[in-house]
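Chain nomenclature is as follows: A, B, C and D, assigned in order of appearance, with residue numbering initiated at 1 for each chain independently.
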Amino acid sequence: MGTRKGTAVTRSVRKRTEGVPRLAVWKFASCDGCQLTLLDCEDELLSVAAEVEIAYFLEASSAPGPGPYDLSLVEGSITTPEDLERIQHVRRVSKHLVTIGACATAGGIQALRDFGDVREFAAVVYARPGYIATLDRSTPISANVPVDFELRGCPIDKRQLLEVISAFLAGRRPVVPAHSVCVECKARGNACVMVAHGTPCLGPVTQAGCGALCPAFDRGCYGCFGPMESPNARALNKQLRALGMSTPELVRVYRTFNATAEPFRQASESAENSREADDDA
Amino acid sequence: MTPAPYRIRSRRPDRADTVTLTLEPVDGACPSFVPGQFTMLYAPGVGEIPISISGWFRPGGYVQTIRAVGAVSRALCHKRRGDVIGLRGPYGTGWDLSAAAGLDVVVAAGGLGLAPLRPVVRELTAHPSLYGRASVIVGARTPATVIYPQDLARWHDGHGIDVQVTVDHPDQAWTGPVGLVTHLLDRIVFEPRRTFAFVCGPDAMIKATAVELVRRGVDPRRTAVLLERNMKCGIGRCGHCQLGPLFVCLDGPVVTYDVAAPLLAVREL
Amino acid sequence: MAAFVLDSLEPLIAELRSRGFAVVGPVARGGVIRMEEISSAADLPRGARDEQTPGRYRLSTHDGDLMFDYAASPDSAKRFTQPPRQTLIRMRRGDIEEVEDEAPRLALLGIRPCDLAALAVQDRVFLGGRHPDPAYRRRREALFLVTVNCAVPGGTCFCVSMGTGPKATKGFDLALTELADPHRFVVEAGSEKGVDVLGALSQAAACDDDLAAAEEVSRIAAEHMGRQVDTEGIQQWLPQAHDSPRWSDVASRCLSCTNCTMVCPTCFCTTMEDSTSLSDGTAERVERWDSCFTLDFSELNGSPVRGSGEGRYRQWLTHKFATWYDQFGMSGCVGCGRCITWCPVGIDVTEELANLR
Amino acid sequence: MTHKTIKVGSLSRVEGEGALTVHARDGRVTGMELRIYEPPRFFEALLRGRSHTEPPDITARICGICPVAYQMSACQAVEAACGIEVSGPLRDLRLLLYYGEWIESHTLHIYLLHAPDFLGYESGVAMAADHRDLVEHGLALKKAGNELVAAIGGRPIHPVNVKVGGFYRVPTRAELAPVAERLRHARDIARETVSWVAGFDFPDVDHDYTFLALRHPDEYAILSGSIATSTGEAFAVEEWPAHVTEAQVPYSTALHARLDGEIGYLVGPMARYSLNSAQLCESARQAAADAGLGADCRNPFRSIIVRAVEVLHACEKALRIIESYTEPETPAIPFEYRATTGHGASEAPRGTLYHRYRVDIDGSIAEADIVPPTAQNQARMETDLLQLVEPRLHLPTDELAALCERAIRNYDPCISCSAHFLDLHVDAQ
């Protein structure tokens, strides 16, 4: 390993290369995990960097290149008035805009404020909540600007991220199926944890993508990839109740990282109103 | 399941979103085909889709017309002369032209449905004596989406085939009929009991046209229709194209209406 | 056919391994019987028993020597004959290259008569038509099949109705019937390969008692089927039941989760996934398990043909039990009961069929 | 009269987003804005009413860079409330998971975020153009950490396998074997990394820090221990609220943590090293000595060496755990919740991370308090910046801006730990 003394001044070594697609990574309210996924592609990072110009990626680079960008990856939800404006800018400078992760796609865990009062939330955390410039709701990007593709997950899956990037660059449909986690669960060779262990699992109503991670670890899926294409939460809830889940547990299990994704919102609300429980009685 | 490499010998834009490619094998001979059959065209890295064969050229190659509606079809439409793509097939059943011998022939197309019917009309023009009266009726959304306008004109003017075109949404220049393709049945001459019909288009168009033909007395067994279903393999293995008991890729895409009618009647089959 | 008696499976396993087979047999893992590679009879789940009801599977352990005292596990032969994912082609700079995976030499030990029936269905699907699948053929021909006749059908089994069990009559290289007191196996060869392997083992001819005991095992098993299906005229009446209100009833319970199709030993539907590598532009085409319960499956011009849960469940059930006859001249269901056990909400095909009738 | 404004528009190569503005007049800094525009996400509020079993999964989402730290502090706080302690092989597995995160997170910072500063590149990726081998080594090291986390937790970011009381499923020896293989290689890279970064050109800085870190009797504390400080003060984690207070200061709306009333203490690698370096494993101690680190480290620019030493330590310790690993009997110890308050702290890569939960009689969380490392360091960072800028006001603006940004990066701030971050406004005059 070589040693080299450097200067403190940052210099830009990357020239703007003609014809190379330009990638930007943006952050809104989030934990950084989804954009970190790009840096976690240890085996692919340098080849990706050779194929695309990583023109804007603050987490990784101190030389933000100017727009427009061919592909913008957007992490995080919109929670402040400034972000409302910034996302408009991002849309304007991006040819394709892809949201990455549950925050950007469904509002994220911070959207739990939707079920409460954000001012109360602020008061819990801060002595002088008046200073907090925040919106009442945490909204997904698609509620604010048109989005070309939404990549699910809390966090997103690395293979799927690479797939989306290559698909957009190749001009094809990303292979990101919207079916249930169960498809991957069975392909992986897991035994169903609901059937074999009686463990409640959201897999049947959750979109695949993680590779059925939780069941592989003897745990029920907790829905971090959000609702699948045709969720039948009502039918699942009946079974989850039969496996011993109480109404508050059911409400909570849908209210985590994709709480305001419509099918999950409905699932939690119908569990809460105990309509299903009544139906079953 | 391995596509053979085919080179794009020529590329002709037909309409704003439609392109006709002629394809010849990079090496080896091009398998012969029956009109109505399709091939699986592979745009490398993008995907593979079923496309009907709409013609043949010598010494051996296919003419195929593709409308860009999604990722794969768009990628194929964007290919240029000299590019190599993958091709499997031809697959599926074809139009049974021998069954039409000696009969009046009605060719009914909805939109791009004319593509797989083109070789049928070519046969009619090549051997007019083998058939009775021949008519081609075409329905399209707008005048701009009518494909093969030159062919239509030539068939009409040069070969005495009765060609009629109707559109749903006319533009300023349009002087022809407006409305459903079934209305054109009133404008052509055929003897229903001695007629063979070839029908291709969206499910709804097929149903409406076939129903009308049968009502007028055409034998459902002499009404051939070309069905479209999602296909991933083209050889009866992926299961996607099932229509009740049929694998559309193997038992179709061309079937007679007596077979298709009960199946098309069932919702979500 | 001559029958013999084996006191232990150890020599058989050793013999198969010495012939270059990886022996795949049942093991108890994570509370479930799985089919995994084993190296000795000690890996087999001695004393394991299962309890299967719709949507529920539990394994427990008991005293005794029996190693096959349970019914079909979630793994059928499908995983080995039709892997969940396989790369079909790779394309580099205009060169299309077929990917030919080495077919592993596998001895499947302990697969059930219903699994053999399922293999016969797969053979028909993959090899019997106009476009036989060479990759399937390679994998299939590399298999050595040691079946075990069922002694205790699961609570969800209905192989008797489907004429596929509980005793294997064909399609195996060796067939075992496990007997207790003393613990031993009656073994029969069903193929030349089987005869050859058996010949290499020291075995004694089965006596009348052994044979009678084996018959008794199968007879009792047949009497204890958990479920049944009346298959009379099913090819005709089921497709005609397309307007039954029962479909929407089952759709209200069905999750469209695909579990039934994934565990089914004969469900063969797949989809294709195309990808390109970012670094060198290599294009790849992968075939993977798919299911008629997904929306993409029937997508046509931007929307699914079978958009409702009703339509999808009807497609599945009707295909399995009726249109399969039109397509392949046989039933698509072998009565293993897996789809009933492994449906997370316990939807039971036998019950649905009875109600539809 | 000179008047200038130095702006580092958007801080880059830090986790999360922030910006810094310094106003100066006549050679004096008249104002400074370290603006964190990470929007607040209200974790402590949304935890209220959730089940006591949920903090590990929920708080992981505070930070995608160090989710394991959140899971560990959360588990321990809830376990303390419920009166259980995870020990023996299950504790070893937790350590293993945590070492994985240290390796991954520190390596990310060293190679992709921090080293480019010393070598003069805008990013690790740009650095790879000239030093491909070097960056590939770094990525391999990082990958080893990620694979370790994934082997135990299921995935590197927001692992799914952690729960109060232990795990959902414990890995088999066979599952850990390939990880060990990679770790052995990683250990070599880690050793080289220490000597590589030791050769950088470091500005001569020596700050008079008050350090705070966990201390454990048997190990270089990471997962648990009691609190030690460089003032000699030591206390149990339960006493945290009595010693560490968070207050709003007049010029800022940020919550600044104070230690025994004093503002501006420091947590993180330098604090850990300075307080506990004697407990590093042999080879890490040796590497530190060879790298010229003394008994303590008070130059934030040299914190990169400390991180590298900690990576080496983590590789060594992880390997030892794997070598002697036997599968625990049960993946988790059973427990019943109790309606009490529990405290938990562990050493996130960026420093001490404290959680406190009050569990209600129905098993739900009645109150949650989370004190992330970057919040604790913020006041200290501001002081540093002031000291850094004032004597260098003569430098060209962009050079000074770059220096400020570097100074902030020294602390590897994780702004996503937004539990407490707020906009900070400073008026220039």
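In this section, a residue touches a chain if its C-beta (ideal position, glycine included) is under 8 Å from a C-beta of that chain, and two chains touch if they have at least 3 such contacts.
Chain by chain, the UniProt names read as follows: A = Oxidoreductase; C = 4Fe-4S ferredoxin; D = Ni/Fe hydrogenase subunit alpha.
Predicted model only: the values in this text are computed from it and were never measured.
Counting steps between touching chains, the shortest path from chain B to chain D takes 2. Between chain A (Oxidoreductase) and chain B the centroid-to-centroid distance comes to 43 Å (mean Cα coordinates, whole Å). Chain B and chain C (4Fe-4S ferredoxin) have CA centres that are 41 Å apart.
Here the CA centre of chain A (Oxidoreductase) is 37 Å from the CA centre of chain C (4Fe-4S ferredoxin). With centres defined as mean CA coordinates, chain D is found 24 Å away from chain A (Oxidoreductase). Counting partners per residue, chain C (4Fe-4S ferredoxin) has 274-276, 290 as the residues that reach two or more other chains. In chain A (Oxidoreductase), 170, 172, 218 are the positions where the chain touches two or more neighbouring chains simultaneously. Shown for chain B are the residues in touch with two or more other chains, namely 45-47, 70.
Contacting chain pairs (ordered by label): A-B, A-C, A-D, B-C. In the complex of the two chains, the chain B residues touching chain C (4Fe-4S ferredoxin) come out as 1-5, 42, 44-48, 69-70, 84, 86, 202, 228-230, 232-233, 235-240, 242, 244-247, 250, 266-269. For chain A (Oxidoreductase) in complex with chain C (4Fe-4S ferredoxin), the touching residues are 44, 47-48, 50-52, 162-163, 165-167, 169-170, 172, 175, 177-180, 182-183, 186-189, 191-192, 194-198, 201, 203-205, 218, 229-232, 234-236, 238-239. On the chain C (4Fe-4S ferredoxin) side of its complex with chain A (Oxidoreductase), the touching residues are 30-32, 34, 55-59, 74-75, 79, 84-85, 252-259, 262-263, 273-279, 288-291, 293-296, 309, 341-346. Remark: chain D residues 10-17, 37-46, 48, 50-51, 54, 57-58, 61-65, 67, 108, 112-113, 116-126, 128-137, 139-140, 142-143, 146, 154-158, 160-161, 167-169, 192-193, 195-196, 199-201, 203, 248, 253, 255, 331, 398-399, 402-403, 405-406, 414, 416, 419-420, 422-423 touch chain A (Oxidoreductase) in the complex. Note for the complex: chain A (Oxidoreductase) touches chain B at residues 170-173.
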